[in-house]
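Here it is: the structure, laid out below.
The first chain written gets the first letter, and so on, giving A, B, C, D and E; residue counts start at 1 in each chain.
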Amino acid sequence: MKARPVNLLGRVYLGLVLVFLYVPILVMAAMSFNSSQFYMLPIDWSFDWYVKLAHNDRLLEAARNSILVALVTTVIASVLGTAASIAFFRYDFRFKKVLQAALFPPIAIPWLITGTAMLLFFFWSGIGRGLHAMILGHVALALPYVIIVVSARIKGFDPDLEAAARSLGASPWQVIRHVTLPYLAPGFIAGALFAFAVSFDQFVISYFLSVPGVSTLPVEIYTAIKKGFTPEINAISTIVIVFSITLLVIVSRFYRFGGDR
Amino acid sequence: MASVTVSHVSKSFGDFQALSDVSIEFADGGFYALLGPSGSGKTTLLRQIAGFSFPDSGEIRIGGEAVESVPVEKRNIGMMFQNYALFPNMSVFDNVAFGLMVRDTPRSEIKARVGEALELVRLSGYDERKPHQLSGGQRQRVALARAIVFRPQVLLLDEPLSALDKALRLGMQVELKRIQREVGITTIFVTHDQEEALTLSDKVGVLKDGKLLQEGTPRELYERPRTAFAATFLGDANLFNGIADDGELALADGTRLRTLEPLARSGRMTCAVRPEKIAIVEDSAQLSSDSNVLEAELEQTIFAGNSLSYLLRHGDTSLRVFAQNRAAADLQPGQRVRLAWCSADTIPVEA
Amino acid sequence: MAVSDTTTAPIRRHRPSNARSILGLTGPAYLWLVITILLPLAAMFYFSFLSDVPLPGRDWQVTLSNYTAFFQQDFYRTLMLRSLRLGFEVALWCFVIGFPCAYVLAKTIKGRWREALFLMVIIPFWSNALIRVFSWTMVLRGNGILERFLDWLIPGFGSLNLMFTYEAVVIGLVHSYLPYMILTCYISLSTIDDDLIDAARSMGASRLTVLRRIILPLSMPGIVAGAVLIFVPVIGSFMEPRILGGREGTFLGTVIEDQFTSVFNWPLGAALSFILLACVMVIFAVFQPILRRAS
Amino acid sequence: DTIRVLNWQGYGTDEDWSLEKFEKATGNTVEHEYFNSEQEMLTKLRTNPGTYDVVLINSAYTRQAAEEGLIQPLDLADYPHSDGLQPRLAHNPNLEYDGKLYGVAWLWGVTSFAINTGAFDEKPNSIMELWNPEHAGRLGWRDDAVESCQFAALATGQDINDPSDYDVIRERLHALKPQIRTFWNSENEWNQYMSSGEFDLATYWSGSAARSKQNFGLPIEFVVPREGAIAWLDGLSLPTDVPHPEAAKQFIDWMIDPEFYVQWDTEVGAPISANEQAVAQLPDGAFNKQLIAQLKEVENLPFMGPMSDETREKMLEVWQETKTFYQE
Amino acid sequence: MASVTVSHVSKSFGDFQALSDVSIEFADGGFYALLGPSGSGKTTLLRQIAGFSFPDSGEIRIGGEAVESVPVEKRNIGMMFQNYALFPNMSVFDNVAFGLMVRDTPRSEIKARVGEALELVRLSGYDERKPHQLSGGQRQRVALARAIVFRPQVLLLDEPLSALDKALRLGMQVELKRIQREVGITTIFVTHDQEEALTLSDKVGVLKDGKLLQEGTPRELYERPRTAFAATFLGDANLFNGIADDGELALADGTRLRTLEPLARSGRMTCAVRPEKIAIVEDSAQLSSDSNVLEAELEQTIFAGNSLSYLLRHGDTSLRVFAQNRAAADLQPGQRVRLAWCSADTIPVEA
């Protein structure tokens, strides 16, 4: 195939968008190496914040919790959300519109209100607070994202593929696992990544639902900015990002989900 | 294996009646060809049998059991879709292996049987390709292999060989027939290839506008079509419209055609004569006494490989005559010729 | 692609029932949603009709005043319109920037790179939103990174004065939400068969026509999903507007936040939120037929 | 025991060195939970009974918390260091409800504004400096309804806890429009903006000003205008179902211990202690000592007091309306 | 209109060589049939001509202009895809109207011409359907209508009629031919239907494994195939392997077959004889002097509508003979019969 100029233009454009997306990330990373606490320019390079971070058990622990909660949330939300989108695609039923409309409140109502409501409700119903409550809340927040994203992908699915699989003797579960899910992969992955992002970056709900001593990174950051915000936070965020990039790039080497071709 | 009984099945899409009151009995282990013009409801019928959608009324039984009570995956049906419905994410091997895999067949057996099936459809060596890397005919063959590899009880084939060249098609036909005989799979297949339908099947059904028009053995259908539609749809036919008179068909110009048995009814009638039954005769001596004879003017000769088609005109009826491409007469357009055929080949049909 | 008529057929007699599958597939997700979000929000909804938070030691009665407040105070409406405009603009920019990007990703990049780039698009998302916003302040502020860069590029460029403006809010929000649009468009675009594009072009359609008549309609599900996931949260957002918008950063979301954080007026805050929600739903109800026709 | 303290983050109770000392002295360890607004603090108290041992409550809210039964009355006799408390603060009416004391006065300070010394030739002494057109687009303002209205009330000579004429207040606030550069919400933001030169002057808290100046070396001066400033008082309280009452009392006592305060203020920077003895032990020239001296000269030093919900909602409405006006 | 010149075109997919050094000249206004087994590169060739992908080497010119310099949409090519590629979001009407719409044809003219095209493919009344509401054959017809409605200069048809029943197919063939004649569109079409290829086209090319094997008029190709593959691929052929000796072909059992012209080469040779050229003769009197005669044993008779196929065996060669279904001899399997054919019908081919 010959390289067409249009393709080249497209690639350059994609590159520019990536630059736009990564500008703040790079700034964040740069500031983690800046000894000035107030992001003063020019940068005074140092590793101070990383050294401090290494001793900050509270922040490290929070990071661990965040990752844990986000992972659990991602798994649960993507599974449940994908199941629901498959149902929306396959069947027509009376309450479908209602169920679809029910996805709006969790995204449309500011998290602050949802968080307050959750706190009250969990208190009242005895669910209480803690990581388990955070997971409950995060999954619920992530579900609409997963459902909406997966539904967008599933629209192009040829139902004959499912029919074919069933005629070949595949049980409903096997149909989903071998035929529907592989097709949905890009949507499923995107949904999962959103779910992870929603949970990992969720501070309001976590904040309301955390118990003392067991907090998450965003909670730490959110409370920190009120008083003692330090670039340690940049440092740990940088570590997380670098780690994710490495991990995901490795994953993408071995697993393809970007579509059929 | 299992017989398939379709009784009084109707199916509509919105206002559109795709099947109306179709009843067919597919014998256990039989090879049944479904014919019908495009849009006549063949695919729709197969889909009802497979259980992908349900008839609005009527019932379908497989091996005596009503299909509705058995989920699709428990029915052991191999269906080949008209658009193939290959799994785009799986390799050719995995596509074909799918039916075995979900049955927990041991790995080694899967390998052997998929290999066999791919060989059967002449695609050995294509195991690792993805469907989008195949040509149209190759995809069709993968779909075929996928449907037969796990030896289902009932095989539903929707135009299984339409994208193949003749040589491959013949090969596949032989294989299909062999498998069906060996394993005794009840096979229902849709085809537009007449020859295929006639040579392969034990029984043929003709659908039109969602109704079953006629069924019978290929020979029955070919030699004794009941309707003008069946006569022209399956094979070619010259139709003569006339009035039944004294057991014979009187055409507008007065020519009288005799039929195998004298016509019982009187009034307007149509008779069909297959083009290959008609000979262009040069001297009347060759004619036997029970021949029908007609004069006609040659309009065009069409070369079609192993045969020639003569298009002729008799009054305002166009006629078509086949001659095997062996020692066919060399005729010029405009020439008047004499046509003759056995009275036994003159079949009265419903218009 | 054919007949998915299983469900539209009138149900006349016993069929392998779909109800069980529907319940099995949607049940867990919705049970979860109901318990953890919808019920709590229902309680909030109830509060929005009270004069005060129903806690021991407080007087409260049922009232509509929280809702009427919205219509009595002009500034609520001003802010609502401002928020809607913000949501609309951000979604539009995300579409304008993100769609071509998704297209390049889905249609011209092949192989492993595509997966890697797909992931690269979302990773910025995993950094903390607050930190991201602070980073933007670094970039946008006077004599910040952007101005220095432009100054280096074009000596004597001068000042942009972007910080603490409506534009800064839009930039920050577009950055935050762009990945949604890119990814949802990408997953829709990747379902489009390339043959359709070839077919259209062979019939003489210019690239623009192909885009308008084939690609856009077929990727509509993704665009709509992206728009929903952007528009809806943006109109309720408060953090980016507060930090990047400065004096210009007052929107309905920030006002709602104030009701919760600075005065203990949950009922009013909740009422405002539900008015916002109602607005969103009405907008989507109005748009749905148009979108349906487009795709 | 491990006690749980509910407080703002970085507000004295969670200094590591102090907690070490406290643990060494009493054997108790301390865990923290933070809040970001008074309302949130109240919500947390309501929804987590029996969780917290010590809670910091701004005296403007103490009465409300007591009314709702969230905190319990206490006896200053349980706190040996309370004898040093300035009586005016120890028995501040805002800390009392129904004749009983509900909070141990801990810290106080004023809300006023600070200037960037680079932008001023001489230190202003009037609150009207905030409206001075010379500083158009250079003023930092905290995005807080009550505080904003109180500034306006102060500038127009009204009662900060119950202003009588909101129209005047609104007019004053509207007049800020050309002045404001941006709103700030946290001390950290304040520091960032100030250090990057966004502000010539900005409203601020005295305790934070001490930190910004001492710890971070920002070139600022805290201004106490002659018209007065908004004073506030923070108390430490015991929640109703306090799980570890003894340890909690020990901790509160440690908090008003001059030893703790002096170290805190000198090493980190703090508001003014309610304990006169503690303030007295500060080195000469300390920010808080100077501040106290300045405060003696002002005409008016009203304390933020309990406010009816109506007043607070009215203030919010005025402020939100004003902010909407800023958009136009 | 425009001629299409393909010169020395090669194309690989990875390691796989799909086209190698193909050169064909498609005459302006001609009707060209591309034949070839499944996977031989027909679709690949059409796609290069249309300009959807570019050859690795070689050049394609349309109307004298190199295609690479003209973007696809400027070429005025009507392409019908093997898998139809209908726009799923558009109705049948809009699909067909697309090519006109992008040419800014006035609304009323679009309406008229789409109506015409739909009538031509017998789909009037289906305007408002979406593609997924159509049967396979109906989709194919929409694709066909879509490709021809805007009267392109060059028409590329990839198995345009494979999903249609015979009657429709014949109808469409006539229409296609008419349009092509009237408008003079250069038409290149791929088909697996021999008869279609032979009756419709001015010229036929046979592809195999990405190489062009032979091209010529249908008659040339049929009557004088150059290779055994061409002989069996296009039509049926009995192949006799033997040794050229004294201008004749000597079979293993000593039978000698004469050919039209005495064989020039000597050594191992293959000759092909079409099954329809062979007669089963009862008395030798009928034989003319230049006939080849062979004894064989009947193994099976296959009924195929207008003809019968006899499968026979001579030594270890299987033979196939067609007889028109008119007065075919009634033979029993196992019977020994005598076959005879003109020496002129014995065609020497490359093995």
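Going forward, a residue touches a chain if its C-beta (ideal position, glycine included) is under 8 Å from a C-beta of that chain, and two chains touch if they have at least 3 such contacts.
Note that the structure is predicted; figures quoted are calculated from it, not measured.
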Contacts common to subunit C and subunit D (chain labels): A
Pair of chains joined by the greatest number of C-beta pairs in contact: A-C
Distance from the mean Cα position of subunit E to that of subunit B, given in whole angstrom: 21
Between subunit A and subunit C, centroid-to-centroid distance (C-alpha), Å: 15
Gap in Å, rounded to a whole number, between the CA centres of subunit C and subunit B: 56
Distance from the mean Cα position of subunit D to that of subunit A, given in whole angstrom: 37
Residues of subunit A engaged with two or more neighbouring chains: 39, 116, 120, 158, 160, 172, 222, 225, 260-261
Of all residues in subunit D, the ones touching two or more other chains: 36, 189, 192, 196
Numbers and ranges of subunit E residues touching at least 2 other chains: 83, 133
Residue ranges of subunit C touching subunit E (in the complex, touch as defined): 1-3, 193, 195-196, 198-207, 209, 213-214, 217-218, 295
Residue ranges of subunit E in contact with subunit B within the complex: 13, 35-39, 42-44, 82-83, 133-138, 140-141, 158-159, 162-169, 192, 194-195, 198-199, 218-219, 222, 232-236, 274-279, 302-307, 322-326, 341
Parts of subunit D lying in touch with subunit C, wherever the complex brings them together: 36-37, 39-40, 42, 46, 67-69, 143-146, 177, 180-183, 185, 189, 192, 196-198, 309, 312-313, 315-317, 319-321, 323-328
Subunit A - residues contacting subunit C, complex: 7, 10-11, 13-14, 17-18, 20-25, 27-28, 31, 39, 41, 80-81, 83-84, 86-88, 90-93, 99, 101-110, 112-114, 116-118, 120-122, 136-137, 139-141, 143-145, 147-149, 151-153, 155-160, 172, 186-187, 189-190, 193-194, 196-197, 200-201, 203, 217-218, 221-222, 225, 233-234, 237, 240-241, 244-245, 248-249, 251-253, 255-261
Of all residues in subunit A, those that touch subunit B in their complex: 158, 160-161, 163-172, 174-175, 178-179, 182-183, 185, 260-261
